[in-house]
Structure formats: C-alpha cells, structure tokens
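Pasting in a structure now, in structure tokens, and then I'll have a few things to ask.
As written, the chains take the letters A, B, C and D, and residue 1 is the first residue of each chain.
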Amino acid sequence: MTKPGDRSLYLEMLRRMLLIRKFDEAAVELAARREIVGAVHAYIGEEAVAVGACAALNDDDYITGNHRSHGHPIAKGASVDRAMAELFGKRTGYCKGKGGSMHLADFSVGILGEAGILGSALPVAVGAALASKLRKETKVSMPFFGDGASNEGACHESMNLAAIWKLPVVFVCENNQYAIVKNVRDLVAVQHIADRAAAYDMPGVTVDGQDVLAVYEAVGAAVARARAGQGPSLVECVTYRYFDHAEGMGRLLTEPYRDADEVEKWRQRDPIAIHRAWLLDGGYATAEELDAIEKDAAAAIEAALEFARTSPEPDPSELFDGLYTNPIAADRY
Amino acid sequence: MAELSFSAAITEAIKHEMRRDPSVFLMGDSVRSGIYGVTGGLHAEFGDDRVLDCPASETGFVGAAVGAAAAGMRPIVTSQCAFMWVAMDQFVNQVAKMKYMFGGQATLPVVYRMGISYANSLAAHHTDRPHPIYMNIPGLKIVMPTTPADALGLFKTAVREDDPVLFCEDSTVMRTRGEVPEGDHTVPLGVAAVRREGTDVTIVAVGGMVQRSLAAAEQLAAEGISVEVIDPRSLVPLDTEAILASVAKTGRFVAVDSANKTCSVASELCALVAQEAFRSLKGPVQRVASLMVHPPFSPVLEKLVYPDEGKIVEAVRRTMG
Amino acid sequence: MTKPGDRSLYLEMLRRMLLIRKFDEAAVELAARREIVGAVHAYIGEEAVAVGACAALNDDDYITGNHRSHGHPIAKGASVDRAMAELFGKRTGYCKGKGGSMHLADFSVGILGEAGILGSALPVAVGAALASKLRKETKVSMPFFGDGASNEGACHESMNLAAIWKLPVVFVCENNQYAIVKNVRDLVAVQHIADRAAAYDMPGVTVDGQDVLAVYEAVGAAVARARAGQGPSLVECVTYRYFDHAEGMGRLLTEPYRDADEVEKWRQRDPIAIHRAWLLDGGYATAEELDAIEKDAAAAIEAALEFARTSPEPDPSELFDGLYTNPIAADRY
Amino acid sequence: MAELSFSAAITEAIKHEMRRDPSVFLMGDSVRSGIYGVTGGLHAEFGDDRVLDCPASETGFVGAAVGAAAAGMRPIVTSQCAFMWVAMDQFVNQVAKMKYMFGGQATLPVVYRMGISYANSLAAHHTDRPHPIYMNIPGLKIVMPTTPADALGLFKTAVREDDPVLFCEDSTVMRTRGEVPEGDHTVPLGVAAVRREGTDVTIVAVGGMVQRSLAAAEQLAAEGISVEVIDPRSLVPLDTEAILASVAKTGRFVAVDSANKTCSVASELCALVAQEAFRSLKGPVQRVASLMVHPPFSPVLEKLVYPDEGKIVEAVRRTMG
C-alpha cells in the first residue's frame, strides 16, 4: 500500500525514471552517431519496472540484469557517471571498459551484473539468494529477465531450485511483448508468463508495468514474502519498448513486426507521464518541483557524458587485469 | 560469373537448396526477419512451414532440428555460436553421438549455421570463437569458408551431406565481395585452397585469418620472404595432405587462428606438422591465435586480443630466424 | 474406454509386461554376476507405463527413452533378441554393440533411441513431431522421462516448443518418485508433475502407473488429441521402482533413502498382478491361458539370452562404423 | 604418513576444509549419499545446510554455486563431466567470464569436482574427457591430480583459491592407494611433478595416463630407452618451464592424453614444445590420445579408443627412430 508519508520515495521514483530515460536517450544518440560502439538496447518505455521493483529493495539486496540493462543499475542506485563511462569503454567505467553496455555491474550496491546471454544470470541470482539463506541473512535476490528469456531452460531450473529451497528470490519478468521481432504470443504458450509460477508452487502475479506504484506494491509484497523466509515469487510486469530491439536494428528489418498504432497506443501510457500526473493529482509536489527534478536529471546525464568523454581509455597493459583474482601468467598461454 | 557478398552467397545457397528439395527448411531465432542478415526475405517465398522462427530455447530447437533430421527432414538452423553454449548438450550428446551410439541407424542431414562474431565491441558474452571445441567432438563436420564462392559452394554441399555440418560464418568476412561461378557450383569438404603460392613459409589460416595472413604475406614479400597461404575451408574433414605437402616444400610453418590459443586449431595444426613433417622443418612452428583472455568491450583493448597482420609477420620472422 | 472386443490387445499388454519383467530380471542377474558390464537400470515395477503408453501408438509413431529404458523398446515392439544382444555388446545388438543398456534404438519401429543424459532426448522427440507436422503426417512422438529429468531445462524448452507449434507430442513422465536416492518431494516444487502442463497451456493428467489400462486410456486420449492436430499433452504416470537405481548401487549407500515398508506396499500393487487379476475377473482368459503367456515370455527371454550369448563380438575393424553416414578418414585425426 | 585411496584423500580434504572454514559447503547430485563415492557420510557431520543435494538441474546449480561464491560463500560442487554439457553456458559465460567482464569486481572461490569417467563400458553419453575444451576457455583453473597425496594437497589448495577451479577426477585413478603426508599438506597449482627421471625421451601425461606412461617407461627401460615421465598436476596454470626444461635435456617429446585427439592437451603440448623447444628436438613430437570416435559400449571396442601402454611405447619408438 502506498502511504502519504512516502513522498520522498515517490519523488525519488520519478527522479530515477527520468535518469534512466535521459541516460538511454543519450545512449541511443551516441550509438546512432557512432560516438559509442557495440550494441545499445534502450530501456525507454519500461522505466517503471526497474524503478518500482528496485524501490522495494535495500542497498545490500542483489539484482542481476540482461542485455537491456542500463535501467536496472540506475534504479538500484548505481552512479550514472560510471555507467556512462562504461558505455564509452573507459577506465573509469564500472567494469573498467571490459563490460560495456550489456554488462554493467556494481557489486558495492548488490548489482551482480548483467548477462548478454538470455537467462544466463538467473542461476547466479538464485545462488546469491542461496548464500543469503545459508548465512541466515535476509538479503533478497532479484533477477530481471524478459519474456523472450523466459523460454530458456535456465529459467525453469532457477525457478524450481528457488522453490524447493525456499530461497529469497523475486523473479521479475519484464514482458515488453517482444523478443527482437517476435511477439510473445508466438513464443510463449500461456496467456500470462506469471501463469508459469504454478509450475513451481510459487505466487505469480501480472502487473501493469507502466505504473511504477503498481510494480512497487506487487514486488514489495513478493520481497516481504522472500525476506520472511517464505520463498520465491514471480512478478510479471507488462510493459513496452518504444524503440526497436537495439539501436540500428530498424534498418535491417525486411518485414515490419508491429505497427505504428500499437507503439503510439503504448506511448500514451508513458510510465513517467503517469507517475508525474499521479504526483500532481495527489498533491505530492507542484509542477515546478517536478520540473526541477527533471532538470536535475538532465544535468546529471550531461555531467555523466562529460565524465565519460573526458575519462581516460584503458591502457593496453590492463588487458589481463581482472581475469583472475590470483593471476596466472595468462599471456604465457 | 556474378559478384556477390559472402552473406548474399549464403542466401543464394539456401534459396537454391530450398527450391531443389522440399525437405529442406530453415529454423532459428528471428529467421524471417533480416536482422541477422542472410535469411531476410526467404519467408516471402517459402512461407511459414519452411521458415520457422524459434523462441530463445536453443536446447530445444538445436535438438528438434536433429530430431527432425532423424525423421527425414533436412533442417538448416541459424544461430550465433555465442548462443549455442546453452545447447551444448544437444551438440555433444545428440547431434554428434546419435548416429554412432545407435550403430549407424540414424541419418542426420542437418546444417547448423554458426555465426562467429568478433572484433565488434560486443564484449565477452557475444564474442566467442569456439570452433576448436567442436573439433574435439567426433561425429561433426565443420566448415569455415572465407570467400563468397566457397560460401555458396560449401553451403550447398553441407545441405546435401547426410551428416551434421557446422557451417561457421566468420563475421569479419560476411561483407567480403567476390566472383561466384554460375551453375550448380559446389565445393567438396576436405579440400584446402592455396590462396597464395610461396616457397619459404607455409601459413595455414582459419576463417577471417586468411585475409590477415594474405596481407602479412604481401608485406613479407617486400622483404623477400615468399609465403604460401593455405585456407583449409573445412576443419573436419581437414586436408592434411595439402598442408603437409606445402610444409615439405617450404620447411616452415605458421598457423593462424582467431580462437583462444590453448587447444586451438593453431595448436592442432602445429602438433600435426611437428609430428608428421618434422624432418622437413627448418625452424620452429608458430602459433598465432587469440590471447587467453575474454574479448573486452573496449575497442582499445579488444584489438589486442586477436591475431593481426603485425603478429603474423612477427611469427613468420621468428620461424625464419 | 476399454472395450470387450480388445481382448487380444489386453493379452498382448500382459505379454509385453511379462517380457519386460523377465528381460530385466535377467539383466539384473547378468549384471550382478558381471556377465554383462556397464550400468543396468531395472524397469521392474514400472512395466505398465511403457506398455500402456505404447499400446496407444502405431508402429510408425516415435518414442524416445532414457537410461532406464529396456522397457520402452520392448513395449514399442522391438525384438528382445537384439535388445539382449545389445546389453551383451554384441554385433547382433540393435546398435552393434556401440550403445549398450542405456542406448537401445530401433528406428524401424520408431524407437529413436535412449539418452543417458537426463532430458536430452526430449528435444529430439519434439523434432520428430515437427517433421511429422511439416510433412502433414499424423505420426505422434512420445518421449519418456522421469520425475528427476523433469527438472532439466530441456524439459521446459521442449514443452513450450511443442505447445507453441501445436506439435503431436505426448510427454510421458514416469514418476517413480525417486531420482537415484532423492524423493521427488525434495526435488520438484509441485505436488503433481502434471501440474507443470499449465505452464504450457496443455492438458496434464496424473494417472495410476500401476494400472496398464488406466495408462492406456489417459495416453490414448492424449495421442488422439495429438493426431488430430490439437497439440501436445503431459501424462504423469505415478509408479515405483522395486530395485535400487542401478544394479550394484545399493552397496554404495551410506544412508537409507526409503524404507522397506514403502517398497513392500508398492509391491502389493504390482502392475502385472493387477492386470492379470483384471483379465481373470473380466473373463478375458483363463488362468491356464495366462500361465501359457507367461511361459512363452520366459521362453522368449531364454532364447534371447541364448541369441545374445552365442552372437559374435564386434570386430575391431568396426570401431569407426556408424560415426558418419558419409565417412571421413576419422582414424587420421 | 597414512595410506589412503585417491578417493578417500578427497574426502579428507573436503572434511578438513569444511571444518576449517564455515563458508565452505558442498552441493550436487546425491552428495549426501555415497553413490558416487567421496561425499557419503559428510552429511552426518555437517548437516543439511552444508551438504546440499541438488535436483538434476545442472545449469541451475552450477550457476547457483558461482552466484553463491560471488556473494561470499565457498561452494564445492560435485558432478560428472558428462552431466556438465547441459550447464556449459554457466561455465563459459558466468564462471569463466564474470570476474573479467565486470572489471574484476567478483571474487569467485568455487570448486567444481568433475568426474572424468572412461574405460567403464558406460557408452558415449557417460564417457567424456572434455578437459581440453575447458582449457580453451580463459578464466578457469584446472587441476588433474594422479596420486592420493596430490589429490589431498591440490584439493585443499583449490578450496582456498579465490578463482574458480575445475578439479578433474580421473575415474581410472580413484582407487589408487598411496602415502599421504601428515599435517596441513597442500600442493600449489602450476608445479609439475617428475614421476620418473630419464634422459632419452620426455613424456608428459595427463591424469590416468601417468600410470600407463610409467608402465611404458618401465618396458622401454628394458630396451635401454630412458624415459622421463612428467605429471603436470594442473593444466591451468601449466608448468611449461618444467616441460621445456625436460625436453631441453632429452630432445624428444611424447604427450599422452585420454581426451579425443583433435585439439587435445596432447596437441597443445606438442605445439608448445615444437614452438619453444624446437632447437632441442632430435625427433618428431608424438601425440598419443584417444581416437576420434565416441567410446562404444562394447568392451572389445572401447579399449581400442584410449592410449595404452602399447601405443605409448610405439610413440616413443617413433620419436627415437
């Protein structure tokens, strides 16, 4: 339940959604003009999911992400400076330039990293939850994954393991209804991905992923359950990506896969606009206050760009750094 | 003779084989669309039943393809090697072993198109070069063309093979353009191509390394070193005779491979030559392969990982010296 | 529905169950005294599942099996001679000695082979069904797998693929309640494995696996559905293995995993005894007739043993045979 | 000095480390029971939380182990290499890459016990020897002991390592008995053991091949050929110095590996020696490895597949002649 006393939380939600939006607007632009290289998968349109879900977590709880994961770390509290620097492959980036866009991580705030391979991080998230349980801690682990990734075997195994071991895991499925160019209806046999929770005797709910508070409440209930030792849950957030799968991919399409109307319809349910309106309606803040938050977010991303651009490239001597904790003469092999 | 890109040559081969044989069909991730290149547009001609988009369930569809082959179809599966790790059990235990384990009962005409993508700033999860790993598994045939003509000819051969073929598509050659013979051009498995003749050193280079080796050979020619460059075209079967014959002539050997160096194709070829052409060798064999590190995202760092012209030239000099 | 007119089918069911029972009694004994080598996983106690399920199939329908798979091919109509010879590793075996106990196959009657790797044959079975559908045939594909194997990712992927493509697959889960020494309760989160069918929007039923007719009816309905183009089903057959996981494994146990009472309780529900009683009760045959069937089955197994024992070993020159259809000089590598 | 079997030595090492460090725990298929040997009985001492049976969900539990390690635990995972293909993505993309890809943030103290079972008439699905495949993947450390003392000492080192270690247990040495030092005996990674000194030929043998090579050496000694047998003990890191020093002395090299020959450790070692000790070589390097075929069930056929004393002797003669 949302409480009037949570004003600062509600404003912080807006701020983080705006940070993600502006971060990814910048990322798409940078990629389009080849100022950054590699793949960029924009999270634009889906911000309420990461922000609502992470708002239910503590700093020392764990998350893992996927290829479309600039939003998750920002929602969890990562620095936009270091995230942006990573997109530039700079030494000041979270992964010192080793990871790039698809592999942000900040272990200091529980972000155990992102996987470019679908489903691959789910077992890792389950393992973090296992560690939490074995040490009698109450840390919760939250893997984010897409509708497409839900078809990987790793997903099944992870859910069953979490269920039989009653681990503190909240599986957050971001059903943006597409896997690259395929509609979820053609790839998943059930109506709601949350229906699959029944196969593991765990709660499964489908929630409006454009409503940050709805996500926050559904995920919050699952987190509370997990923290109380009652085991895992699956929360499916129905959302939408405004852009094509990855920057530049639109040009490669030989057949359209969705129509402009559909995109327009979803843009009318923009998560930031919805939350902004709710804040105004509820009298939580004035339009000026919200505009100021937006301006601050824009400034933070400008600063992040500046930070990233002026940061040094990694030095060739750093190539092998981080491969092992206790290095071997890897260049010998 | 038409000029085609490497990628368009594969499209041509697929079309040709699908028209020729109704049991040939295409399956994989997003094959109807053109987002990974090659297969876009085929759906319009061949329809739903022959151009089948699959969910991200690689264990499921890699295995389904070989099951369909066992039941009489001739599937062509499209994927990236980076996504095939999740399906590794199906390759090792079904695709490669099924025929042998059942005393030869199965016939498994299936082609797995394996995109081998590197030097693209896609970071470690999307940048594998696992061909030596598949070579360690008996029961597979493995092809790695480097020219449009070979891509066309080898692809058609692969589809007509009654054994599973991994058709490796090196991302660094996908855009290469070149002449492609008219007619029903095919290229047999197990026959290497000599890309440049030479007398001082033999280089055997795999996939995209052929181009880099030719560039190195060019540079070395200026120094008076005559390099022969061999493109094996298929890794299994491998044209060992051509390789050994060349070394018998030159007396020096360099193997160039984009894969991680330890237990690479470069290691395999050097071992082969040092074992079977030892008496011809006038200098140490040389491996030029990727450093034993994951490809980092940073372009500044990533380019250090792979063999390049400079490293190949150095290796040739080492074996000369 | 069982029909009185199916007498010969009911008797054939008894015969095949007896063949399997006696085949595996022989196999266990052979293994115990090391007359045959390798692993032997007895199907004793579970015969009604394979026989009831395969009775619903045609000769040209497909099945795949697992490590505990002497029963499946025999139920599908394979020759006990060639199956036994394969256990002996003889050249006359189904796989010419290449496969052994865990890898029987007879493509001529749709037996696409058995996998020692849990879950590994399920995608293959799905592929056979795909071929059937693409060729507009009505052949059905039936993978057999255990409660343990149901936790493999391959299982999830196979079921979802079959469901979205509406393939003619009948997934038969043999829930004998144990995976080696672990009870299904500790490994699977749901009460009934059939409950997992809900995750793929396909019918899932749980049936008494000791009652060959119950299996036949449930599987028959699923086969009819599959043949009619209505897609896959999951049939869970609850059964029990009388013996330990594999011959010789009992000796290695450091903790008991089930008690003698439980085994005894299940032995009281022996599938062969149940079917025999039903045949007698229903007046389908006299005790003498049934005894004769049993005697014939025993004789067939004796003959199979004789065939296997007197068959030649493979010749060393055959080592590479069957590796490729179009051989390469594999010994060159 | 106590006498222990190889298998009991691992049990001792696990017990020792679990007593020493509460963050060490055991997980895998049927680890409470003794059915795969080694771990039976540990549950009685350490209880449910530290001896965790897993379902047949290898992708799940292989990944969960590395996730638990990233979160501060020190898991020991028990399995067979034959069952690890289904979890290959977790090894390649999480266990091996996670630390590097995240710029070194992760610390991953996890040991994977890999049973490498062969020569058991278990047929192709249960008879893999994939260690060269894992060697091709940067980021892993790979150990393969051959004596009870090394099993004990290397296992303890593996548990204390802050990097992922694959601890390969060759089924053909599990029952070997031998003396094991008292006290907190550990063996470092990357230091080879000379199992027999010799002057004419160097054999480097992996895992169970050490015993067969020693037998061959014994036989050859009678013919007056003095063979040095080196057991690398860990494959990553590899003691290349010891190997090259031995070849510098003997001038002849044979590598013996149970793996499939193409891209095997034998290939890797021969390439290494032919590249770096070429000037010392007096004869061709020799690979003795498994034939490129799947292990058939038939014992008559299966034994043809692996290196044996006879094949090793022949290889030594070839390099001498």
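What we mean here is this: contacts are C-beta pairs under 8 Å (C-beta built on N, C-alpha and C of every residue); 3 or more make two chains touch, one makes a residue touch a chain.
Note that the structure is a prediction, hence the values are computed from the model and not measured.
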Open item on the list: Under the document's definition of touching, what chains do chain A and chain B have as common neighbours?
Closed with: C, D
Task: Whole-Å gap between the CA centroids of chain B and chain C - done: 40
TODO: Round to the nearest whole Å and give the separation of the Cα centres of chain B and chain D.
DONE: 30
Open item on the list: Based only on mean CA positions, could you tell me how far chain A sits from chain C in angstrom?
Closed with: 45
- [ ] Would you give the residues of chain A that are in contact with at least 2 other chains, written as numbers and ranges?
- [x] 95, 97-99, 103, 115, 117, 120, 151-154, 156-157, 160, 164, 186-188, 323, 330, 333
Task: Junction residues of chain B, two or more chains touched - done: 55, 57-60, 85-86, 89, 93, 100-101, 123-125, 138-139, 236, 262, 292-294, 296
Task: Category of the chain touch graph - line, ring, star, complete, other - done: complete
- [ ] Note which residues of chain A are touching chain B in the complex, please.
- [x] 37-39, 86, 89-90, 95, 97-103, 115-120, 148-149, 151-154, 179-182, 186-188, 245, 249, 252-255, 257, 313-314, 316, 318-320, 323, 330-331, 333
TODO: Please name which positions on chain B make contact with chain D in the complex.
DONE: 59, 85-86, 88-89, 92-93, 96-97, 100-101, 123-125, 128, 130, 132-133, 135-139, 236, 259-260, 262-268, 270-276, 278-279, 281, 283-287, 292-294, 296
Task: chain A residues within the chain D interface of the complex - done: 62, 93-99, 103, 105-107, 112-113, 115, 117, 120-132, 134-135, 139, 153-154, 156-158, 160-161, 164, 321-326, 328-330, 332-333
Task: Touching residues (chain side chain D, partner chain A) in the complex - done: 25, 49-50, 54-55, 57-73, 86, 89-90, 93-94, 98-108, 138-139, 141, 161-163, 189-190, 236-238, 240
Task: In the complex, chain A residues that touch chain C - done: 151-157, 160, 163-164, 186-191, 195-196, 198-202
